[in-house]
Amino acid sequence: MPDSIQDFDAFRARMNELILGAGNLTIDRFFALDRRAYEPGALGSKTKEMLGLVSSLVLRCDDCVTYHVVRCHEEGVTREEFLEIFSVGLVVGGSIVIPHLRRAMARLEEISGVPPAPA
Amino acid sequence: MPDSIQDFDAFRARMNELILGAGNLTIDRFFALDRRAYEPGALGSKTKEMLGLVSSLVLRCDDCVTYHVVRCHEEGVTREEFLEIFSVGLVVGGSIVIPHLRRAMARLEEISGVPPAPA
Amino acid sequence: MPDSIQDFDAFRARMNELILGAGNLTIDRFFALDRRAYEPGALGSKTKEMLGLVSSLVLRCDDCVTYHVVRCHEEGVTREEFLEIFSVGLVVGGSIVIPHLRRAMARLEEISGVPPAPA
Amino acid sequence: MPDSIQDFDAFRARMNELILGAGNLTIDRFFALDRRAYEPGALGSKTKEMLGLVSSLVLRCDDCVTYHVVRCHEEGVTREEFLEIFSVGLVVGGSIVIPHLRRAMARLEEISGVPPAPA
Amino acid sequence: MPDSIQDFDAFRARMNELILGAGNLTIDRFFALDRRAYEPGALGSKTKEMLGLVSSLVLRCDDCVTYHVVRCHEEGVTREEFLEIFSVGLVVGGSIVIPHLRRAMARLEEISGVPPAPA
Amino acid sequence: MPDSIQDFDAFRARMNELILGAGNLTIDRFFALDRRAYEPGALGSKTKEMLGLVSSLVLRCDDCVTYHVVRCHEEGVTREEFLEIFSVGLVVGGSIVIPHLRRAMARLEEISGVPPAPA
């Protein structure tokens, strides 16, 4: 069972601050570009966050999944829509996605106010 | 430069026929599930095909990209929307996505009636 | 050092129940297909579980490795056979497999009744 | 459609000769270790080649798949067994494995004396 | 056997022009950042190109390998140094790197004036 | 937040001992080759460790990153050089590298005597 979203956010914020304060311009610009990629354009923010979520799932990046589950929830993605994003990621990426799907599902419970599963 | 979409389709059709005629029920069911994952539900077909395209791009699967570029085009994805899907895939997956982005762009030209770039 | 197999099983069981109770038919069918793939056919269950284990190792999926180590053990895979599966996975996947091999080895100790290594 | 197995073998043989003649001892030893991993031990050659094939499939390495399809065939793997190895690889690795499965199937036809599918 | 470096360069140049002319600012900035990452700083260009080459090799991106082999050659990387970069990539990434190593070696021959191996 | 480097080293040492004592010659030789790949030759140890670090980062292997951050530090890699290695890995591998970059940065703090970030 992963840490809580709150713990994830605290570590993420502290390390991003360290990284962006380190004075490497290429890294700074990459972080700016990473934010830019999800800004609304021809596609809205909700669609772009769903693209980010399914990409994170098939690439099996738990922290990225946590981030995009939270952002998708903020953009109004419903439980049924989350499950369909997960189903596309599962079929594309195969059974090795399942452990990440379990943790994605735990995140979904967590943001819905259901206490995360005990370890 | 890849083969034409027409050549890709012919090879794909012939091999799928061979695979599905081989009598392995697990494989047959996987192919059925792969079709099912993109059927409209809480999310429409267009959104699901965009999810399939960005997943294919970050996983660097040229044939999968070709398939979903064609399907996205059929679902009405515009040139500007294609470019935004590509931009998310590029930022998520990094510069190793670039060679696949080039071939995706060649596919986009091809379905727009522009002759593909000569090798 | 990972959680115990018992903790892994408890989280796995609880999340699978949540996922399969969520009402997404594509996901449900994928889980059924995932079980079906390891049922005996032209190849026996032992061989199929070994295929699942080496695939999990080269794809570097710790939870998948844990699951298949347990299943291989149930199918009678010996310690020497486990080591040969690991050796193929290591040569195919390279030194990035080593951290996963360490955790696979800890699982092997754990199912042999040796207490897992302290963190 | 890939090159023929004969063309693959010719390029493989010529480049291996170049690589092994280049005087880098680490590379030479890796190639020796790669052969060693498939020699019979607690597991027989047939089982080890099947492990190599499924690993190559889930890692989506067409040349590796070609090599292990040929070796599995030499070790007596039957058509039904090939299909079951493919089915495990497909479920583990997901739909992005499908293009590689198509090419693996073309190889299977090729070694069975059926002319490979035209492009 | 891959296309010649000249063919690769022509396709790359034409597609980059298309991509950069398409008007997606995120993609444009990514391409600029990709160039920036290899400019000399605390580490020189030669070292950075070697980092790009080994990354491309372990990620199994043939086009990226071609690009960085050419750039490394321009930065004065010697044949012995190339082989040591390849040896690190091979040990880190395992035997699935071998097909890409063969093509990298063919590129090395090609830039040394030796005609590439016939298919 | 990961375990401390000290905890990582203890688990690593104990499991390596178990693995190398298990009597599988292929595995033993792979471990020997893994050490050999980083010994100075045409390229010095510092350069080779930097190659190992960037490879580990783009392949998103946290334990491998920890190991090579420590080794690079021993070889005299400076903070500015670390950041440039990270920047190449980030641009090559994309935003999915970011969580691993955060943990790499935490390691860098840890070896510099700064207490690691609290979870």
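Order as written gives the chain letters A, B, C, D, E and F; numbering starts at 1 within each chain.
In the analysis below, a residue touches a chain if its C-beta (ideal position, glycine included) is under 8 Å from a C-beta of that chain, and two chains touch if they have at least 3 such contacts.
Remember, it's a predicted structure, so these values are computed and weren't measured experimentally.
Colleague: Would you pick out the chains that touch subunit D and also touch subunit F?
Modeller: A, B, C, E
Colleague: Looking at where subunit E touches subunit F, is over half of the residue numbers used by both copies, so same, or under half, so different?
Modeller: Interface between subunit E and subunit F is built from largely the same residues.
Colleague: So what's the Cα centroid distance for subunit C and subunit E, whole Å?
Modeller: Subunit C and subunit E have C-alpha centres separated by 36 Å.
Colleague: Between subunit B and subunit E, what is the separation of their C-alpha centroids in Å?
Modeller: Computed from C-alpha means, the inter-chain centre distance equals 25 Å.
Colleague: If you look at subunit B, which of its residues touch at least two other chains?
Modeller: If we look for residues of subunit B contacting two or more partner chains, we find 26, 30, 33-34, 37, 55-56, 58-59, 64, 80, 83-84, 87, 90-93, 95-96.
Colleague: Touching residues of subunit A toward subunit F in the complex: what are they?
Modeller: 3, 7, 10-12, 14-16, 18-19, 22-24, 26-27, 30-31, 34, 55-56, 59, 61-64
Colleague: Applying the document's contact rule, which stretches of subunit D touch subunit A when the two form their complex?
Modeller: That would be residues 58, 90-97 of subunit D.
Colleague: What residues of subunit D sit close enough to touch subunit B in their complex?
Modeller: My answer: residues 1, 60, 79-80, 83-84, 86-87, 90-91, 95-96, 98-99, 101-103, 105-106, 109, 117-119.
Colleague: What residues of subunit D sit close enough to touch subunit C in their complex?
Modeller: The contact residues of subunit D facing subunit C are 33-34, 37-38, 41-43, 47-48, 50-52, 54-56, 58-59, 64, 78, 80-81, 83-85, 87-89, 91-93.
Colleague: For subunit E, which residues are in contact with subunit A within the complex?
Modeller: The contact residues of subunit E facing subunit A are 25-26, 29-30, 33, 36-37.
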